[in-house]
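What follows are several structures.
One chain, chain A, appears in both complexes that follow, with chain B as partner in the first and chain C in the second.
And now, the complex of A and B:
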């Protein structure tokens, strides 16, 4: 069995019908998680538009730390592949880059393309001790935390802070590099730190080349951001309650909405692994899960794991793009989440009370 | 005085544009049809409020809760008095008039407000006087007075105006472009990324390494500011008359901002 209602195994059709009934009566539904292939995320946006729901990806907090900085001041970013081909200096900020699997790739060889081709590549660390197995130079972290260190480095690079300083040598190395890359995790730097980092990168580009390389999250957040952009022109935290996409990162934070008692039904979409929030058992919820146990929510429906049971478009961290992933263990009865979401949308096809007169209209926060 | 008395808020309600001037030309029946809902129900003002209009330039909102968003947004003249709490974006984009709240406010109070005065008797959530996602500026010329505690990022990316608060959390004045913030106490790392602007606090948390002390200052401008504030906020005025130590920052960015704090 791959479907459950109130923890009791049922036929799939029965569970889908129960899911439709649960969502049909909702005034303020939320579709959260979105840890899924691009087709399912797209189907989730289509369903949300049809039933007036809001959306929030599991990666919301980390994703918005970077999206906030991007929206506020822009970014000059690169991809792992470009960093490997062109960078003569890589600065790893904080602890996250050392567990991402990216740095060993960058440590094996030097730049082969562009203005730094033929030079050795230097690996530097700030804000965390780094990995002893990889040759690198570690700079001392200040007591004030990573965002303060980024600001300090920016002041040193621009020459606004002068004199001997433990990070002065790092600032000189960044200025002297022909193609620098700064690797960071926006979840670790926070929104202010990410914005400061992008400012540092822009300052460096006055005289040389330097790029930010944000690490993606493990919950398809970067792919969700792209689907949201092409579907609504905005970030992922949008609501269709008024019939048009309103973007509001604070209001449509699913955890906040649940805590404030604003949600009366939810759909948790996680064909790929994602930590289940506690509210799926307290709010009437439909859970579409790749590895269900059956008791995660009021209605649970097992779905195929994208990239495993069937081929799917997923985030490719090394290419920093949505890319096709072949099935690694194909199943003919895979039941993609996108098909179930489309089925739900068909069953809930009666339009919202106030359907959009102009679906292109939007309102940002 | 016109009065809106909240009967129910089954979802977040959007009160943007509900100003004395906008309501002055409407009958109560017309006002009752104004949409305020944010969900699928299509709630109207009449669904949620008991409405009593007299065409005056003063509007009272009674029984308010933190589900009321954008209260006083777009206010240009007149007065709105809120009895209770409010949600996010209080007085967003207002250009004039007076807005008072007897309780506390949600995030982004006074965002992009160019003129007028906002008074919050209680606390304010994060980014009061701050910029919303992707916005160029936060408070932009208005006056924001917070009787209680403001959460983190008070005055984030503000471009002009004045914020007075009893206390504020971390990152007060972050990304500030210009303007003035005066508080009895502020949290760690004030002025992160500030370009210009003035922070004044009797007590503060940890300072950033990109702020440098520039000595003890006895500036006429602070005395003038104290004089101008003595009616609005006597405690803030008293603070500004005390001997001050000055820090310059944030040297991570332009570095033309300043933090004044009481000597000793």
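And now, the complex of A and C:
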């Protein structure tokens, strides 16, 4: 069984027709989840533009902690492979880095490229106890939380805090490193902590090299942000309700919209695993799922799992890039979500969706 | 279907053509005049008919273009009925097509981010597109050069990267500079060594120039020199030109290097003056060289570059005061917002130097118009720039409105030259098409792709070039009166180059060791673009 309406198994075509009907009458539809391959995410943005929907990825909160900091002050970051190749110091902020799988990799050996090559790599922890199996130096967490710790560290590095301090030695180590890397999870530090961290890293680069290394979320958020940027010029929480993309991270938070009663239909896109929000059973919803049970929403359609049933462009955490993933268990009838979304768009599009007039934004010279 | 574009002033400098006449089209190609009755006639009376414009250097896709949007949401904002050159790929395609451009090349596609860049390029409608594969700071290449491996090995690695990323050509950005930055450097020139490799920038450049020639890549090595934007940067450009030793070389955004130091003994403190005459003279002496301008225009923009050393050095000029410098797997990227102040002394001088370079050009086909979008400003400024090149009186009025330093430190005010329509076609059509090695465009001779722009001939050249009367892509009308009437999707042009299997195996092993992911994850397969034919092969030179 791969398609259901109201929990009853149906033919796929019937389910797709029901999905189109569900969305066709909507005044304020939402397309959420977006835990999918790049082609399906692209198709979701195209569909949203066609039907005037808003979008919100499952990774929304974590992603916007980083995007908010980025838009506020910028960043200096590096990649996991560069950290492995060059870092003589790695500072793990908070608890998340220790469960990410990255630190064991970094603990294995020292830098092999650049001026730090041949040095040992020092692993440090701040804000949470590290993994006892990995040799590291832990610094005590303050009572005010991780963002405050990062702020203190920034003050110490810049010489703005005088006198003895429990983190003074950590500040010295950061200043003395040739290529420091600070690993963090924006979902844990929050936007304020991420912004403070970016400031700390920039300060350090006045005299040495140090880079932030944000952990990606597990829901394709960093790939979604890219598709959103080239599709709309903005981050992923956008709405097409007025015919052009409007970016508003607060307004187009799908959970907030549902809670406020602003949504009359939804499409939940999750060919890859993502926690199902409770509202898929209360708001008229179409769910495109890689592992469906059939009762998750009013209309449920099973789709192929990208990178498993078929090759796909997906976020690659070790490469920190959108990368090609060959199918690990190819299926001839893979039913990619992108094809269903394109089918829905064809059924729902009116011929005159493109703007008739587009006066140019002037550039003086 | 046989189409006749009738009665326009047909301008095709490659055929010595500038006269009232017809252009005939069939099956997406330009054909010889026919005795048959056309199925469709487009009345071009009172219009100028040219080949579609070809863009050689515009940052329209890739990880850093994405980051610029995320850093500056306010710059890329969408407003009703106001497409934004800093906005979506859809807006970019629309704005180029409206101006009569039908091909555009993204010059900075790092192989590590090729798939995302190609996905983004494919979402730019209306145009044919292409990307240049960036090499010159990547560890695998630097290792080959450091270990004095054969020129064949370097050639094979370049070929593999071009083939894997499905690029149209090869670019080098401050060769070795990004690597040096990661090791603490803040200045880096042609004969400086990349510290960890003991290689000079010159040596890396040399290896890439040879590889591009050996592979017969139609587009010469596309070079972003060191010391961009600094007083005395003209020395960097000239040294690099001499280093090419007669091999074909293209200089990106040369205006940003046309800055002679006023005080040679203290170049960084004495300011700069135009080096346009020096560069024009060098270009005349070196027929192997081409350049694009990187014209500055005024207003807010975001500078985007893989030259992270330079971007880091320029961070304190960020306006607004936020910026990104990422140390990536080879170059990474830097985004520094910048506002070219209208009537500001420095911006005005930069503006004057760019125009001066084009007006002193010994050959407009070798001095291509770009703004290095968005680095010098948006590409949507082209119509106004062309107007100023074509109209001495308008230029004088413009120069008079700027601070005196623009006239005092450049030769612009004394130049009488006015570009002809035919020279405009060289600057924006035939020149860039030849430079990219795309024989099927940039001209109107039989056999050419029917990418055609039809402009109403009017004294206000800005208005004329801003909104084409008709634009045809592959023979189909996509723009009428400046409005898109058919949202075609175009193709992405990629070089048909064969990768050596031995180098592929070797690289797979290298990548596995470095990334824990092999060569297959770096590929750009057709399957990434379901239900679409995106790529079109471009042959290497014979």
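One rule holds in what follows: the second predicted complex is superposed on the first by the 350 of 365 C-alpha atoms of A that agree within 3 Å, B and C clash if a C-alpha of one lies under 4 Å from a C-alpha of the other, contacts with A are read in each partner's own complex, and residues count from 1 in each chain.
Rule of thumb we're sticking to: a contact is a pair of C-beta atoms (placed from the backbone, for glycine too) under 8 Å apart; a residue touches a chain by one contact, two chains touch by 3 or more.
Remember, predicted model here, so these are calculated numbers, not experimental data.
> So if we stack both complexes on chain A, do chain B and chain C clash, or do they fit?
fit
> Between chain B and chain C, whom does A:178 touch in the aligned arrangement: first, second, both, or neither?
After superposition on chain A, A:178 lies in contact with chain C alone.
> With both complexes superposed on chain A, which partner does A:71 reach: first (chain B), second (chain C), both or neither?
The answer is both, since A:71 touches chain B and chain C.
> Let me test your reading of the model: by the given contact rule, A:293 touches which partner, first (chain B), second (chain C), both or neither?
Neither partner.
> Using the touch definition from the top, say if A:192 reaches chain B (first), chain C (second), both or neither.
first
> Could you look at A:52 and tell me whether it touches chain B, chain C, both or neither (first, second, both, neither)?
After superposition on chain A, A:52 lies in contact with chain B alone.
> Taking the superposition on A as described, I'd like to know which of chain B and chain C A:155 touches: first, second, both or neither.
First partner only.
> Look at A:318 in the shared chain and tell me whether it touches chain B only, chain C only, both, or neither; answer first, second, both or neither.
After superposing on A, A:318 lies in contact with chain C but is clear of chain B.
> Of the two partners chain B and chain C, indicate the one touching more residues belonging to chain A.
So, of the two partners, C touches more residues of chain A.
> After superposition on the shared chain, which partner residues are touched by A:338: those of chain B (first), chain C (second), both, or neither?
second
> Contacts for A:230 in the overlay, against chain B (first) and chain C (second): which applies, first, second, both or neither?
second
> Rounded to the nearest angstrom, what is the minimum C-alpha distance from chain B to chain C in the superposition?
After superposing on chain A, chain B and chain C come no closer than 6 Å at C-alpha.
> Under the contact rule defined above, give the chain A residues that sit at the interface with chain B and also at the interface with chain C.
Residues common to the chain A contacts of chain C and of chain B are 67, 71-72, 235, 242, 246-247, 354, 364-365, listed in rising order.
> Considering the complex alone, what residue numbers of chain B touch chain A?
The contact residues of chain B facing chain A are 10-12, 37-42, 66-67, 69, 88-89, 107-108, 131-134, 157, 171, 174-175, 189, 192-193, 206, 208-210, 250-253, 255.
> Taking the touch rule as given, give the residues of chain A at its contact with chain C in the complex, in rising order.
38-39, 42, 67, 70-79, 81-82, 84-86, 105, 113-115, 117, 178-179, 205, 208-209, 211, 223, 225-227, 229-235, 242-247, 310-313, 316, 318-319, 321-326, 336, 338-339, 342, 354-365
> Spell out the residues on chain C that touch chain A in their complex, using ranges where they run on.
Residues 61, 63, 65-67, 69-73, 76-91, 94-95, 98, 112-113, 115-116, 119-120, 123, 139, 179, 182-184, 195-196, 297-299, 312, 318, 322-329, 332, 335, 342, 351, 377-378, 380-381, 384-385, 388, 398, 466-467, 483-484, 487, 514-517, 520-525, 527-531.
> In the complex formed with chain B, which residues of chain A make contact?
26-28, 51-52, 64, 67-68, 71-72, 142, 144, 147-148, 150-152, 154-155, 160-161, 192, 195-196, 199, 235, 239, 241-242, 246-251, 260, 262, 352-354, 364-365
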